[in-house]
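The same chain A turns up in both complexes below, where it pairs with chain B and then with chain C.
Presenting the complex of A and B:
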């Protein structure tokens, strides 16, 4: 009994999040009238409290960065998980503010909007802090089910309905395939704990199994990877992304592109780290780890190239940003393919950089939808002069997305490329460099449309609150870029808590 | 009957599920295909738990199967709600007729 009470202490952030979800649901039932913005403010306030709890947890974890025991046999408390929980809380707060600040979205912003967002966050919290495949799967599905409903949240809107339909069909399929892969992994190793699977008790770890029966192991691993690839929209499991991102309400798209994608990467990093980067495994079965590394590198190259090439052809800004987010998933994959602690840390850092620039870019999209009533790049014409602050902020985000200094995107790419070259993936870094140049073309088209054309006088007023938030994000993009040290230390410390070989003091 | 028979049945069910999803145009059949895949995984979990490498008395696989059943139910509930909304708006439950979002 005491164990349970002690365990609850470690799960305080999760419990607080669950309590918040319940409060929102009940408060929504009790309230009078249609205005539910107080629920949005409650969500934002709740996020602040949970962020404070998480920061306390971060500090309380000692030098190793993780709690020595697995809570209730399932939950792992480490800085890696805490990093991504903070990430989730941060993006959820911004998304909730987007809903609050945008008057068209606010109309739809009934209590369930916030409830589903918080529910998705609970799923993320559990999936990023476990080595147990059962809990991982449950967290993933909780996130997915909330996301499906959110994608179809504008009930009368055909596009939103279609997005939800496509999302749940592909999502259900990929979850099924992944579950089947997990069942095979369970059969091959006799455990559902990732660490036990990797190291193996009594010589039945995955590496040892691979030595005797490579085909079943390969099938199982590929099926599970397919499920993750879907979640982070890596080619060839990306095709749902543009449709769903375009059809879903813009704040929801923001949530999917930032929080949901980062959570998928967090789980993928944990999975690869536990199964393929175990000390001793590399020596026994070299081929096993190397092939996975090569597979990830090829996926990375194809993903970023296809994402950027498709983005070039888009005229719809929302769809363009969707393809751009696919390309960025490809960049993050460089860190995974490196299969080193340094590479993982670079991937984590890049995701944090991605947080600022992508939240900002989608925020601009929302602002511009409200002001111009359209999603086309062409109808941005001359709006740069009408809304200078927001437009300049957007230019900052685009510079960062391209990876040019002095923004956080530049340092993110720098550490990624550095880790890639260090791991002997120079060819992949060259591909990524070429891709960054390619992305400049379509990012520049937005800037050109904003500033180098005459406006026609059809646009309405922007939302001042939303504009302010975007400006803050753009300042953060530059400031974090100039002073990237603390963030770098955080991502290093988070990655080391995975139990990977420690980082050398290289840079 | 040994482990092999169970795994063969589950593999067949998995394959049939994939074929159903690819070949059928009706969303209800597609959802049924997904259920078949989930149940294929369930057969695996239970069979591996009984015959596989697990320690004696371990319930991990069976527990996983129970939770998968719950997951399948939850997913079906959300999916049918979405399908109902699509049917209201498009007067059809064929995914091919909901095609506003494309290049």
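Presenting the complex of A and C:
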């Protein structure tokens, strides 16, 4: 009994999130009337409280950055998980504000909207803080189910419905594939705990299994990876992304592109870290770790190249950003492919960088859907002169996405490239560099449309609140880029808490 | 403001000016121009003070150094300083930017944004020249791109959108290769335990001691059958060569020049191209000296191709501005040839040529601007006899053309002669042949400039143009400082050489010449 009471303390953020979900649901039922913006504000306030709790938890974890025991045998409390929870809370708050600030979206912003968003966050909270594949799967499914409904939230809209259906079909398939992979892993190692699987503390370790029977291990790992690859939209499991991103309501797309993708990467990092980077494993069976590294490197190269090449041809801004998010998944994969603590930390940092610039870019999209009444890049013609603040902010996001200084995107790419070269993946870094140059071409089609063309004065008014929020994000993109030290320390500290080999003193 | 911060003031005062401009109401163009003028004048005055006062021209050391910690996680520093080479170019850059402001008074469209971007561009340019930390260097290098993109893309000619993105894409492709090389160098510096792994002077020292060979990296000193230093050399070289621009990376230049408004062309030719040459001297050759020595002949050949090819293509142009643009390719070829010779005269000649091309090409583009503002076209065959109506303009043009074609007594002659003599005296094999071939370029340059003179100013006066106003006071004043420098440095080149010589000698010694 005491165990449970103690456990509740550690699970306070999760409980608070669940309570918030209930409050939203009940309050919505009690209060009559069309306007539900109070629920939006409640969500934002709730996020602030939970962020505060998470910060407390971050500080309470000692030097190792993780709680020595697994709570209830399932939940791991470490800074890595806390980092991604903070990330989720931060993105959810911004997404909720997007819904609140945009009057067309606000109409759809009924209680269930916020409830589903918070529900998705609960899923993320559990999936990023467990080593137990069962709980991970449950968290993932909770996130997925909430996302399916959110994707189809614009009920009258055909595209939205199509997005939801596509998402369910692809999601269901990949969940099945992944579950099959997990069952194989369980069969091979006799445990569903990732750490035990890696070290072989409860029977046979995966590396040892690989030495005797490589094929089943490879099949199992690839199947599970496929499930994760779907979640973070890595080629060849990316086909759902453009359609779902385009069809889903823009705030939902934002949530999928930022929070959901980061959560996918979080579990992917944990999975690779626990199974392939355990001390001793790399020494005993080199081929085992090296091959997965090579596989990830190839996936990274293909993903970023294909994402960028497809984005080149897009005329719809939302779809272009969808392909760009695929390309960025490719960049993050460099950090994974490096298979070093430094690489993982770089991947975590890049995701944080991605938070600022991508939230901003999608915010801009939402703003102009309202102002220009269209998602077409061509319809932005000359609007830069009409809405200078938001448009200049967008230029900042775009140079950050391209990876130019002095923005956080540049610094993020720098640390990724750095880790890549250090791990001997110079070729991948060159591919990524050329990809950045390639991406400039389509990102600057937006800039060209905004500033280099003349306006034809048909546009309506923008939402001032939304514009202000976008401006704040753009300032953050530059400031965090120039003074990246704190964020870098956070991602280092989070990554080290995974139990990976500690980072050397930089020099 | 003291000796240690003066370079930072020179770099960032335009940024303050830019901030101030953003708060001025859009229609108050007088105040905007005034702020732009002040924000470019102060850096120029400070640079002059440094040049003639604070800087010790006898020393080859880096001076007025300021070094602060910046991003600890990767050991990047805010590290600035100058030597004779960078100081001369900083002075030129601040002068050009100062002149660019009155030269832009003809621009009516979105003036507030225009002057703000112009000032931001100056921050990037001067920043590159003062940076001694490779990270900082790269940040400034990229900061330049965005304002240039907008300045060409918004205020340019009919095909401005194409020209702007082409400029951006070319330069960015070069600079991502540079970034990869910088990261590899940084890691190698870390592996050998350097104290400030991003510092360019420290990289130079380590490279001079033969330490920077990539053995500390996971792939060792070799990659795909090529030495680490070879990779680094070509990655950096391509990044800088695109900016110079060296054949075959030059194709962005004619488009950018032709589409850009006159003041931007002046900045582009006058100072942006020099960043490439300066980068090679500061941040490429001394860091991989062995690879430079190995490929010096190849660079010499590229230089000569640029000289001859640029001149021939210029000869074939009918667009006045395009002709001047290709003449830049030809003139900048001398810079590469002089550097590749690895000999004191050649290297000084290259540095001098960069400065002199900065002044003479600025004059040429201003000349084109004057005629374009009146005729609204640049077709060389569409003029004729203008000497009869625009006598002052004709006189200035003649002077500018002679400076550009290398008439003895004017600046271009000194620097071209020095690079050629340096290359001829080079101990390396084959450079004598290169010099002989490059002389063809000089002849052709004289040919196209004189032919242009003939087509535009001599012959029968085109009736349409008989009412043209002669060049006005503002336009003369924009050209005056550069024409003065063309004459002055032709007669007294030591006013530049004395400052540069110690740094150049040191560079040549570092490179093993």
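In this section, the second predicted complex is superposed on the first by the 504 of 507 C-alpha atoms of A that agree within 3 Å, B and C clash if a C-alpha of one lies under 4 Å from a C-alpha of the other, contacts with A are read in each partner's own complex, and residues count from 1 in each chain.
Just so we're on the same page, contacts are C-beta pairs under 8 Å (C-beta built on N, C-alpha and C of every residue); 3 or more make two chains touch, one makes a residue touch a chain.
Everything numeric here is computed off the predicted structure, so don't read it as measured data.
Visitor: Thinking of the overlay built on chain A, is A:44 touched by chain B (first), by chain C (second), by both, or by neither?
Guide: Neither partner.
Visitor: Classify the contacts of A:452 with the two partner chains as first (chain B alone), second (chain C alone), both, or neither.
Guide: second
Visitor: A:218 contacts which: chain B (first), chain C (second), both, neither?
Guide: In the superposition, A:218 touches no partner, neither chain B nor chain C.
Visitor: Does the superposition put A:422 against chain B (first), chain C (second), both, or neither?
Guide: Touch partner of A:422: chain C, not chain B.
Visitor: Touching A:399 in the superposition: chain B (first), chain C (second), both, neither?
Guide: A:399 contacts chain C only, not chain B.
Visitor: A:485 in the overlay: touching chain B, chain C, both, or neither? Say first, second, both or neither.
Guide: second
Visitor: Can you pull the chain A residues that chain B and chain C both touch?
Guide: Touching chain B in the first complex and chain C in the second, no residue of chain A appears in both lists.
Visitor: Which residues of chain A touch chain C in their complex?
Guide: Where chain A meets chain C, its residues are 385, 395, 399, 402, 404-406, 410-411, 414-415, 417-418, 421-424, 426, 429-430, 433-434, 436-437, 440-441, 444, 447-448, 451-452, 483-485, 488-489, 492, 506-507.
Visitor: Where on chain B is chain A touching in the complex?
Guide: Interface residues on the chain B side: 7, 10, 14, 17, 21, 27, 30-31, 33-34, 37-38, 40-42, 44-45, 47-48, 52-55, 60-61, 63-64, 67-68, 71, 74-75, 78-79, 81-83, 85-86, 89-90, 95, 98-103.
Visitor: Contact residues on chain A for chain B in the complex?
Guide: Counting only chain A, the residues touching chain B are 133-134, 137-138, 141, 145, 148-149, 152, 155-156, 158-159, 161-166, 168-169, 172-173, 175-177, 179-180, 182-184, 186-192, 204, 242-243, 246-247, 313.
Visitor: Can you check the complex and tell me which residues of chain C touch chain A?
Guide: Touch residues, chain C against chain A: 71-75, 110, 138-139, 142-143, 145-146, 149-150, 153-154, 160-161, 164-165, 168-169, 172-173, 176-177, 179-180, 183-184, 186-187, 190, 193, 197, 217-219, 223.
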